[in-house]
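I have a structure here, written as structure tokens, and I will follow up with some questions on it.
Chain IDs A, B, C and D follow the sequence of writing; residue 1 opens each chain.
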Amino acid sequence: MSTAATARPAPGTGRRLLTALGTATPVYVLLATVLIALALTDPGFYEADRLLAFVKRAAPLVILATGQYLVIVCGEFDLSVGAIVTAGVVVAAQLYASFPALHWLVATLVLLAAGGAAGLVSGLVTTRLRVPSFITTLGMMLILEGAVFFWTGGSPQGALPAAFRALGRGTAFGWLPWAVPVCLAVGVGAYLLMRADFGRTLLATGDSERAAHLSGVRVTRVRVTAFVLSGVAAGLAAVLVGGFSGVSAQAGQGYEFEAITAVVLGGVLLGGGRGSVVGAMAGAFSLQALFTLLNLRGVSGALESTVQGVIVIAAVGLGAADYSRLRRRRTRSPDTRSPEGTTR
Amino acid sequence: MRPRSAPLTALAALLGAALLAGCTSDAPADGPAAPSAGGSSAAADGSGDSDFFDQAEYDRQLELAKETPEGPKGKPWEQMLRPEFVSTTAYAKKGGGDAHLCFSNAGVFNPWRQVGLKNMRAEVELHEEIGKFTVLDAQGKDDKQISDIQELTGKGCDALIVSPNTTATLTPAVERACEKVPVIVFDRGVETDCAVTFISPVGGYGYGAAAADFLVERTEPKAKILALRISPGVDALETRWSAAKRAFDKAGVEVVDAKFTDGDPARTKSIVADALIRHGEIDGVWMDSGATAVAAVEAFEDAGQEVPPITGEDQQDFLTAWKEKKLTAVAPAYPTFQWRTPVIAALKILAGEEVPKEWTLPQPVITEADLDDYLKPGMPPLHYAMCGCEELPGFPEKWGGKE
Amino acid sequence: MTGDLLTAPGEKSAAPAPRPGRRLRLTDPVTGVWLAALAVTLLGWAVVAAQGGQFLTTTNVVAVLQNSVALGLVAVGQSMVILTGSLDLSVAYLISLGTLVAAQTMQSGGVLLAVLATLALSVAVGLANGLIVAGLKVNAFIATLGTAFILRGWIEDQYTGPAGQVTAGFQRLGYDRIGPVPVSVFLLLAVAGAAWFLTRRTRLGHHLYATGGDEHAARLSGVRTRRTVVVAHVLCSLCVGAAALFLAARLGAGAPWAGTEARYDLESIAAVVLGGTALAGGRGGVAGTLGGVLVLAVLDSVFNQLAVDPFFKNVVRGVVIIAAVALYARRRTPRRRTA
Amino acid sequence: MLTMQGVSKSFLGVRVLHDVDLDLRAGEVHALVGENGAGKSTLMKILAGEHVPDGGRLTLDGTPRSFTHPAQAQAAGIGVIHQEFALLEHRTVAENVFLGREPGRFGLVDRRTMERRTAELLGEIDETGITPRTPVHTLSVARRQTVEIVKALASDVRVLVMDEPTAPLAEHEVARLAALVRRLAARGLGILYISHRLREVFDLSQRITVLKDGRRVTTLDTASTDSAAVVRAMVGRDLDAYYPPRARPEEISEPVLTVEGGANDRLAGIGLTVRAGEVVGVAGLQGSGRTSLVRALFGAAPFTAGTMTVAGRPLRPTRPREAIRAGVALVTEDRKGEGLALRQSVRDNALLVTRAVPGRTRPPSARGAAALLERVRLRASADTQEVQYLSGGNQQKVVIAKWLAARPRVLLFDEPTRGVDVGAKAAIHTLVRELAAEGLAVLIVSSELPELLGMSDRVLVMADGRLAGELPAGATEEAVMRVATGGDGSGPDQEDAA
């Protein structure tokens, strides 16, 4: 390495920054742009309480994106998270219909456990039966939605008490929405997890299952764990969504696609092995900020999805283009050689 | 041979079969009637709200809403407005025996339809003369409902009840069915009058206008109104909106935003919160249906603002919030008791009794005054109060409620 | 993704070359799914008969066939993109828009113009999808999800409900039948036959499989892989256009939710994998897809007969899809260890 | 016939080819040699139409050409056999051979013609083990290569570029390939032969062009030069001492790895001992069970019978994880597919094992990781760089570092220097010997007999899944081959049932 250092031109700060941001660069640019646009549209956006309210609103998507990131980065998909959120809210309502005195913490834990259980099943089916996770979780989505409504006869039967809803709706000390520290905790937790041994082996598994296996990684367990964590994250999102907006039979509708979009927007490679969890969370924030911007600018409700579609394609398209250039630039330091067999 | 030639062989075989069997059509014998504009709905051929506005129908509905219905008191599902009776002796079931009723349902994809179907099943239970009750669920697919109707006409039903998924698209299938069995259409109409009776409450204009008039009454002129709609393109909801828009325009009230919520409470809260930021304050909230009314109320609370006059629907959670939070509110209803009526109508038809050609049910509006009559404690949050189901067997457990 | 980890790649002992004979292989997914369709039919017949009903009546057969058409057309198109290693999530919105365009054009400009307009729309959307996937190198999942959003916005902004009017003559496509066979089934068979011929017998078809099997290898062999992906997307959209035309004929008008409420996007993908086509591309085919569609349709019919709760149907469908793909995965595991 | 003049290529400002000239005559085998990164691959990709050169001219039979897509190069008559085969595993041989140029009219594929012509082409090169309808995934590596060659022949190529064609082949297959190459040259094809193996180069070629750092160093007539001269041109210095000195007897101590009666479906009656400080070579033909042996020891394709001990403790690994825990490490033959997570950084790869198998050793700190990489003499610009951008030799060093981090007792190498350039090769050899000297037990499988004989303290020879014999250090290649082939020259036909 010492020989290399002399041959290499010292990278500029800009380049070093780009390298540090890595594949997620486009999402940070997007996030910054949208945040600036928000500031121009609505100068009050950056007042503390407004900003906290924004984070609170974004929290469920950020948490779902974090879970989804874990699954995507090890080379899989989780299409069932939206259904888990819906099922979670309905199950909570159903629980309270039967046990009105249930402590909120118990209900929350039940939801987290149930989400984890759904993830466990998806993970086991994907790894043990070798069903592509796209299909497994698609099936899981049908099963969960069907089962939960079959059970409740179509709509939830109970209401959610204020204590349970506090996490999604209430505030601590009268100013800090509980969802914010929860979101922060998940974010920090996921960041640390990805820096820890588990995170590194997860990435390696997504990159090359064979290499990971032959290096002693328990790939099945790692993958299943990712699914379980994604399920738990969805369970937590269900608590927040249920808390934020109360009982609804379609609480999680569309969340699976939003979460995947957020993760991909965050520069994470579908197929696994590359991308950072911070990028994924930034993707979720960008998406939510975009929704808010469209709301505040009064874009016709109907055209909102068109704008969303265009921006997602453009951002990901630009990301793909940008990224390959960045990669080449980094590659061509004199002592390293042309990528071999990377075109696959 | 690998199955590579299978499709070709199959094609040949089918062609052969076709030649032997001859050609038949499931389209109505006289060809599909060109649906005329008017009736209870109008097909839109472009954008804009005005496509859904039909002045004559609008006027009619507003008048009907004021009239007192005929029929037994306290049983709104048997009441009717301005009935024009038609004879049904041609359909009278000959000989005794149990009746076989069939029902092609658009789906149970929302709580309103779920409550409705429970009402209908309970009504069926009331009548011992109904031997068999077959329900096919189209799960919201027009295409499947067309097939379902075709399937049901071939099943020996004595009468066919249809709750169409879409107005325009089911017309040919219903026309075809009319040729074989007496058909009862309810909720949404179809663009044909071949059905023996069409059952529906007063309609979307009545609903939308009732809500809008309430807001106009409770707010200052130049008030800022936020309109929350579920999703575009649903005819019943579009008529509600067009009537409301008309009322607002007339009164000079400003609709600052008309947004689609997708029926998602989280989205609703975001929209209301953002609207509060954009416009400073909101003086009234109009909703085209009640599913997300509570979320809207909460959004005001979370923003630390007083809840302005708001319209909702007869859903339990909204009525509860109304009472507990002492809201200024009104709840027009699109009553679920209408699901009972088709069964009653079917039995009348099979007995040869006359029924109205258009069986227009009353469409009560819940106001402050009669809120307590409709709010039943112990019912689930997504229950619809105006179900007319209190006396039905299995109430309230079957509806998910508690004594 | 889950290869056999235990075998040394350099020493894959070759299985005896398959005999050149063309016997029916039961392990072939295509055979499997058609057998499954048969099995489901027999099972349905038995269960319905046990309940005192009749399953194989004309009415039911017509319903099964009729219900297969729209999904079948979409799934055939979807098979072609999936074979190429891509995916199309925009089909549902394209169907909706297709029915609207068809019905409206027909009202003002006649059948031929309507058909052309719908197909032109399809080509445009397919081209956009293909170019975004192959040109901008956006992952197909995201790219087509993006176009789906764009189409959705367009529909919601432009249409407020059913629009247009289909001519009486055109409606016959949706309602006429020859004996128990609806004419639309012939449309499906024609499209499927064309797709089958295209994938199996033409250069383009070979390139579809090649691109899906190993894009890099295909490119090195001189296959214009990007062009192939674009063409696959256009073909898929054309099939979807055909489905839209059929639905327009059946519905008599255009409906903005014709495609989305039936979830044609996910259902078509489910049908394709049920038919044994690998989601990763390169393996499978149209014949299997038709089998997959038939299984779903028969299943639906059985549910109808037994008056199964619609929510419970979803549970069963989910289980069936997972189980089927698990079976394929098992079969695909080569029995290497017996050498 | 083919000439390239002043060909240059840069990737965003970094020049990887400088004014390279090359000419290829019809009927000639022209070898292209150079260390990894010398520019061979880029040159080849320009010929194949995968890269567009920035400058220079390419003429074929006097006509200037420029390609922007592989299809154009093919149409011009240039065929390329890539190191990684461009074959579709689930398609038949015929479909692969004619991929991209299927016979037929109006866009239809004439299957019958396609299969007939494939059969003819196979016949022309005397390949009887392959039928046109065989799916490629059932073929052995050597046969797949044959399919690749047939694929090139099918498009009437005039120029055939072969990139390390012998890398995946066993010795007897190499001989077959050589015969085939000569035949093709005799038919008038110009063959550009890229290889690391100088012996083959001297065996086959008429001329040798040496590339270094993107420039052409020289073009030599094979007949009038020797390998020392070529190596000098490649590395710019003499490399006399190819192999480090072997272990002295006193450096070899107690047994670390023992196996008795080891067997599974590919192996039978395996009994061996490797001692601390010792480097043991395993020779044998492709398919003789060499790779199966190391994979069994590593638990990747476990023994189903027999006993095994590591450092005196019994071990019967059924998964790599168990072997790793006991201190067994395997450097696999497929570096990119099995050895590395290519998109991860150098450091993450180096630490993968210690992270995945906690308890054996704790993952080293950042400084510890850096020391580890220095230990294997890795040359990389930063240890946060993704390994896919390293040269083959450096990648292999990362793999070795990964195992050293876990402090193994037994190091198994499968083809340790495959696809590694000459300079890195020597570094790896030295490293292996150092590790042995530190008390590790080392087992090396290699198809390169000179390497095996040069490195090993003794050589085990495998045939048919059994240990057929043991030879001392300094045995000759002929002696090894005699044991490997059954001693009586029953011949290299004794290959796998492929």
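Everything below uses one rule, namely that a residue touches a chain if its C-beta (ideal position, glycine included) is under 8 Å from a C-beta of that chain, and two chains touch if they have at least 3 such contacts.
What you see is a predicted model; the values in this text were computed from it and never measured.
Listing every chain that touches chain C and chain D alike gives A.
Judged by contacting C-beta pairs, the busier of the interfaces A-B and A-C is A-C.
Farthest from chain D in terms of Cα centroid separation is B. For the pair chain A and chain B, the distance between mean C-alpha positions equals 38 Å. Chain centres here are Cα means. That of chain A falls 30 Å from that of chain C.
With centres taken as mean Cα positions, chain D sits 41 Å from chain A. Inter-chain spacing, taken between the CA centroids of chain B and chain C, is 33 Å.
Residue positions of chain C with contacts to 2 or more other chains are 5, 156-157, 216, 311, 313. Each of the following residues of chain A touches two or more other chains: 154, 210, 213-214, 301-302.
Residue positions of chain B touching 2 or more other chains: 108, 232, 260.
Chain pairs that touch one another, listed by label: A-B, A-C, A-D, B-C, C-D. Touching chain D in their complex are the following residues of chain A: 1, 3-5, 8, 19, 197, 200-201, 203-204, 207-208, 210-218, 269, 273-274, 325, 328-342. Per the touch definition, chain B reaches chain A in the complex via residues 108, 110-111, 114, 118, 229, 232, 257-260, 262-266, 268-271, 273-275, 277-278, 291, 294-295, 298, 302, 317, 320, 380-382, 400. Within the complex formed with chain C, the chain A residues making contact are 75-76, 125, 127, 129-132, 134-136, 138-143, 145-147, 149-150, 154, 209-210, 213-214, 257, 260-261, 264, 270-271, 300-310, 312-313, 316-317, 320-321, 343-344. Of all residues in chain A, only 42, 44, 50, 53, 57, 60, 93, 97, 152-159, 169, 241, 244-251, 253, 291-292, 295-296, 298, 301-302 touch chain B in the complex they form. On the side of chain D, the complex with chain C involves touching residues 48, 50, 69-71, 74-75, 80, 82, 85-91, 95-96, 99-102, 104, 107-109, 111, 131, 133-135, 138-141, 143, 151, 155, 168, 265-266, 286-287, 291-292, 295, 300-301, 333-334, 337-338, 496-498.
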